[in-house]
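Common to both upcoming complexes is chain A, partnered first by chain B, then by chain C.
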Partner chain A sequence: MWAYAARRVVIGILLLLALSLVTFILFFASPADQAKLACGKQCTQAQIAVTEKALGYDKPVYEQWAGFAKGVVAGRDFPIDQAQREAAPETVTHCAAPCLGFSKYYGETVNSLIKDYAPISISLAVVAVVLWLFFGVLLGIAAAVTKGSILDRGIVGLTLLVYAFPTFFIGVFFLKYVVVKWGLLDYPYYTPIAEGGVWGWLTNLWLPSLTLALVFLASYVRMTRAFVLESLGEDYIRTAKAKGLNSRAVLFKHGLRAALTPLVTMTGIDFGTLLGGAIITESVFAYPGLGLLTVQSSQAWDLPTVVGIVLIAGSFVVLMNIIVDIAYAFIDPRVRLG
Partner chain B sequence: MGNRLKRMVALGAAGVLGLSLAACGGDSNDNGNKGPGGNNGEPGEAGGTLTVLQHFPFESSDPNRIYYGVQLASWRRTLYRGLVAFPMSEDPAVANTPVADLATDTGTSSEGGKVWSFTLKDGVKWEDGSDITCEDVQYGASRSFANDVIIGGPTYLLNYVDVKDYPGPYKATPEQQQAFDEAVSCDGKTITFHFNKPWADFPQAIAGLMMADPYKESQDKGDGSKWTILSNGPYKIEGNKWDKNKGATLVRNDQYDPATDDPEQLRLALPDQINWEVNPSDTAGELFNDRLIQDGPKDQAAITWARLNPAQLSQISGPVEDRYLNVVSPYTDYLVLNHKTLTDPAVRKALAVSLNANGYIKATGGSTVAEPAETIINPGVSGSQDNPAFAEDNDNNGDPEAAKAILEEAGVKMPVKIKLAYQKSPTQDKAMAIIQQTWNESGFEVTLDGQGDTYYDVIAQPDKDIDVMWAGWGADWPSAMTVLPPLFDSRPNFSSTTCGNDYGCYESDEVNKLFDDAANAADVDTQVGILQEIDAKLGEDYAYIPLDNQKFNWLRGSKVTGFTTTPASSQYPEIGLIGVAK
Partner chain C sequence: MEQNAHMDEKQPFLKVENLKVHFPTQDGLVKATDGLSYALDRGQTLGIVGESGSGKSVSSSAILGLHRGTNAKVEGRILLDGVDLLALNNAEMRKLRGKEIAMIFQDPLSAMHPYYTVGNQIAEAYRVHHKVSKKAARTRVIDMLELVGIPQPDVRFDSYPHQFSGGMRQRAMIAMALINDPSLLIADEPTTALDVTVQAQILDLLQNLQREFNTAIIIITHDLGVVAEMADEALVMYAGRAVEHGRVKEVLTHPQMPYTWGLLSSVPDITGDPNARMVPVPGNPPSLLSPPTGCAFHPRCVHRDKVPGDLCTTELPDLVPGPRGGLHLKRCHLADPESIYQNEVIPEIAPDLAEER
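Presenting the complex of A and B:
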């Protein structure tokens, strides 16, 4: 079992390294002149060359990537120009391992950026997961046990309708109407617990998390309904009923338990993806999480930040997949042999 | 504008435009505002809290790195004083002439404009209570040279200061630093700039940009100083650090002494506090203006840098109209003709003659959004005048018959195939289709080529197959020296891989010689005359075709007073005049 887990971890690490290399290659395959963009409006070709060197973009892609990989393992000092580090030590920033790089665009290490931005994405993801799991599973069970009724059709129809709306539409609708036009809620600003307490943190997360949750909610309602219906049709449920168990015990003790297993797997993977940043929701609500950081750094052609985010977001997904794989291995011994 | 503009355009409907400090003549508008800058709201009194709603993040709070026009203009009034500054006048003739700020006067020039001296006033201080010294100005200017550390700011000083191979203060050897300290020298409170060529409009340049602002060396941490602020203006930042995605709260700077300032001309600094709220969401600009239209209690003392979008303009009526301004912006759009593919002057002329600028403007939103341009030099720039090649006999509707006649006379086989490139958006798709239609009626066969975020890199390529390209520009300060040379002087623009900002790869020895003459002019008037001559020559060669001057639409909360735009504010709301009614 441990060998299986170790193998999955090693494959995950190799995958992340490959992911970072692909990001480097894609970045430089673009026709954009990143150094010219960074340098500014009136730069001469010579000044652009200086900027290119300062950003490290003058080196071959493999060399840049090797520098990055070295930083992940052993840490790095910035600026990368050794002459400048020696001449002006007050401008040196040390980035300890695992160093994801230094963003000239933001003026800080990518690790520090992620440390600042990740809590917002995590907060959004946690509240959204709670919302969609609670309401999604509840409505899914209600639809399953009332299969074919008006309630079932209403729930399924409504969730399909919500599912049809893109995230940005729901977010903008909330802001434009619920907040600005109808004035039902204050404009949401991310408020850390340290500043606004748990209540302040939660109330400001309500709208963006709901926006995020609504999209997932629809699929969780439908999946819960399907899984519950499937499990309720199993032989052991008929056996349980034949034993004289009441319908509540049959549903919650036997039917739902079996249906929840695939839901937990789904939740794990969705949660892992969301931890890497809810790009649209964070952009619509201007919540400075990893999603917004992704958008801003991509627009600014800020390679170190883009690579850092790709790696972090990838890590979350890989990690959740490893957990799921290992969990499956526990559940199904045949996987271990594979 | 290219590099910045492409980022701005990438922000889409939010319409983040604010790069240059170009002055602008503006115009009167339909809601009775008077003066070139546009003005509504009576002057206010001191006190209260102003809210500034900003829908895009600044790129830095370091004065040497700042390039957004609205940031330069508004921070000049609040946080960073310069040696000189542009006054808050609505009259372009007054507004384009700098007045003394930290310096005792607007500078003394000698050696035909190659040497400029300024003397600091007594009593000017940083927010930490220390005096602003000549060495601070010298250090600030030196930072501009470190464009391996200070990435993104204006780099004009590098081309003018009479020092060779100076890498900035971080890497300079003692000899290199000594050479710089001689080129930008201090004598007591007097700083003297020695240039390698005349810089006739240097005071305008440093009034508009912050490249020669003072900077306290002990505060400098290189990249680590990107978001820290040490103010010398009437306000300071709570916490000394600007949050890129949130903004900051500005409170009174108790070390600022109005007696060292000229508040009536430069900054009234009326509000006691300014809540500067940044929201980088793509939808923020629209929502800010929704809030201002509603004018709820929390937004009555608010202004925004976000322009009203065309859909919101229909809601500007009744009492809301009293809080609205429509002014000509410092930004001019134009079409560039590729001189490598359009080698026949008759073809270029026929394109200009048949350009339907009015149709283009109507498609982009109509007369509240833009007005036809008759030159690439924005009306707010000193010396702007209609270019004869485009202004004469031109009703801006396009004349297909005249264009066909030109092509026939030149013996050009029709239809002439043209590829027209632009940065893709739903609005631009519609607007370009109008231009395409009129050109197709004029003997051309036009293919539209909507491009993505890398648009400006694509059109800078020397071997592109594009014939005509859309572009936009705004002057860095109200001088055509920041318009024509960056766009049409082939020498600094060309390399083996790019035509730089000279997207049409236009190359003329005659024009380049005139650029040298303009650069070497000892005074602004002479320089302006040469630049007008250059513009006329560019028109004769159809190096470009002017399209439109963009217009701004601003709204304020009902308790905002002194709501005005000026050339110095880049036609954004002039924060130096704004107050809050009690």
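Presenting the complex of A and C:
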């Protein structure tokens, strides 16, 4: 079991290394002059050369990537060029391990950028996953047990209708009508728990998280419905009924248990992806999360930030997959690992 | 009063009267079971035989009330100890399920939940009907596992179904079915998924347990060998109806209905003449949506021309006592099935047997 988990972690780390390398290469394949972009439009040729040295853009790609990988493990000092560091020690920024780089565009390390932006994306993802799982599974079960009825058709049809609306439409609708016109809720501004307490944090997350959750709701309703129906058609359900169990025990203890496996997989993947930032929702609500940071840094050709985000988002996905695999072993004894 | 007591004594333990199970579908009404009647006493075994889709499983599931909550229309009467099961409400029926009436299913691997231990699943069956602690239930389950011949039952309690062999799983299913000492056990093809040696063990086990607990057993099968070994009475089903019903020995040695002859012909006989032909029943099972007119077996019956006129195609024969006596019922228009069987069928399927006489 633990050997299996360790193996998965090692594979995950290798995967992330490959991911960062691919991102590096992709950026360098682009025709943009990194140093010029990092330095700014008014820079002279000499200033650009200094920036190039400071950020290491004068070195070949593999060397830059090796320096980056080393920084992740051991930490790094910026500017990269030693002569520059010695000439002006007051400008040196130390980036402790795991160092993801230094963004000239933002003027700070990628680590501190992510530290600022990630909590917002994580908060959004956590509240959203709770919302869509709760309502998705609940409605899915309700649809499954009333299969073919008006309720079933209503649930499936309505969630599909919601699914058909793009996220930016729902988000803007919430803001324009629910908040501004009808005044049902206060305008949401991200409030950390440290400032507003759990309640303040949560009330400000309602609308953006709901917007995000609605995207996933339809597919979770349909999946839950399908999995529960499939499970209820199994022979062991007939056995459970033949034992004299009541229908609640048959559904929840026997039926739902088997439907859990695919649901856990899907949730793990979706949640992992979402932790890396919800670009549209964050843009609509102007929530400075990783999604917004992705957009800004990509537009600015800010390579270190983009690589950092890709790596962080990748780590979330890899981590969630490992958790899902381990969760399998707890759910299904047939995959219990020796 | 005295007369009543007398009546009760005569009343069989299980009495199924004119049972109908119909499924409305988009294409029309499927009459899976259409007017089935039989009776069974404690300690006795009834073997229900028929090919797939003849209504044998459907009619037995109706006894357990497993069609409740589906769109099936169930009519008739099922009297268990004088109580009409079809008149009970769902809660009352649930109390009988697993307690008075238990069922063993065909494929024990899919009939057990893959995520729970075998012991837990059996204990669950016990605790539904007995308010006991988990520990007491565990002790009871281990006793039961031992009774059905599972070695190291205290260790095996915590195994999962996939860690059991096929025969072990079926033994565990039997333990689950018998843990509440049911008075009626329905075994739906209990040995179909097992190899032959394990089949024999499972059948022996069922017989021993029946003797011990005086259980009435309905065994559903398409294997006449199983019926011959296990059952006291045999009931042959075709297209949702009984076509022949009587003591096992009677039905197997003096079958009165061409369909039963067909079933007997299709049994391979390992002790018999290797040159004897194994004759399948010609044609396909009938559609239950639009069953053939008259006798449902007529399109496949090779003896149809021995019946005068077009009786077979126009009129459904009644299930009536055959020429051999009151307890042996048959549903066939043939006037003298016995002589046809002796003179035409036996020489074809068992030439050596025919020569002996």
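By definition in this document, the second predicted complex is superposed on the first by the 294 of 338 C-alpha atoms of A that agree within 3 Å, B and C clash if a C-alpha of one lies under 4 Å from a C-alpha of the other, contacts with A are read in each partner's own complex, and residues count from 1 in each chain.
By our rule, a residue touches a chain if its C-beta (ideal position, glycine included) is under 8 Å from a C-beta of that chain, and two chains touch if they have at least 3 such contacts.
The model shown is predicted, which means the values in this text are computed figures rather than measured ones.
Q: Based on the superposed arrangement, let me know which partner A:S30 touches: chain B (first), chain C (second), both, or neither?
A: The first partner, chain B, only.
Q: Is A:A242 touching the first partner chain B, the second partner chain C, both, or neither of them?
A: Touch status of A:A242: second partner only.
Q: Tell me the contact category for A:S283 with respect to chain B and chain C: first, second, both or neither.
A: After superposition on chain A, A:S283 lies in contact with chain B alone.
Q: Does chain B (first) or chain C (second) touch A:P79, or do both, or does neither?
A: first
Q: What is the contact status of A:H254 with respect to chain B (first) and chain C (second): first, second, both, or neither?
A: After superposing on A, A:H254 lies in contact with chain C but is clear of chain B.
Q: Pick one for A:S219: touches chain B only (first), chain C only (second), both, or neither.
A: neither
Q: Is A:T167 touching anything from chain B or chain C once the two structures are fitted on A? First, second, both or neither.
A: neither
Q: Identify which of chain B and chain C touches the larger number of residues of chain A.
A: Residues of chain A touched, chain B against chain C: more for B.
Q: Find the residues of chain A that appear in the contact set with chain B and again in the contact set with chain C.
A: none
Q: Going by the contact rule set out above, which residues of chain A touch chain B in the complex?
A: Answer in residue numbers: 30-33, 36-45, 47, 50-51, 53-55, 78-79, 81, 83-84, 87-88, 90-91, 93, 102, 104-108, 171-172, 175-176, 180-181, 183, 189, 283-286, 288, 292, 296, 299-300.
Q: Please give the residue numbers of chain A that touch chain C in the complex, ascending.
A: Residues in contact with chain C: 234-236, 238-247, 254, 257-258, 331-334.
Q: So in the complex, which bits of chain B are touching chain A?
A: Result: residues 1-4, 6-7, 10-11, 19, 57, 59-60, 67, 147-149, 151-156, 158-159, 169-172, 220-227, 244-246, 279-284, 286-287, 290-291, 294, 296, 453-454, 457-458, 460, 476, 486, 492, 495, 498, 500 of chain B touch chain A.
Q: Under the definition above, what is the set of chain C residues touching chain A in their complex?
A: Residues 64, 66, 69, 94-99, 102-103, 105, 107, 110-117, 121, 124-125, 128-129, 160, 162, 173, 176 of chain C touch chain A in their complex.
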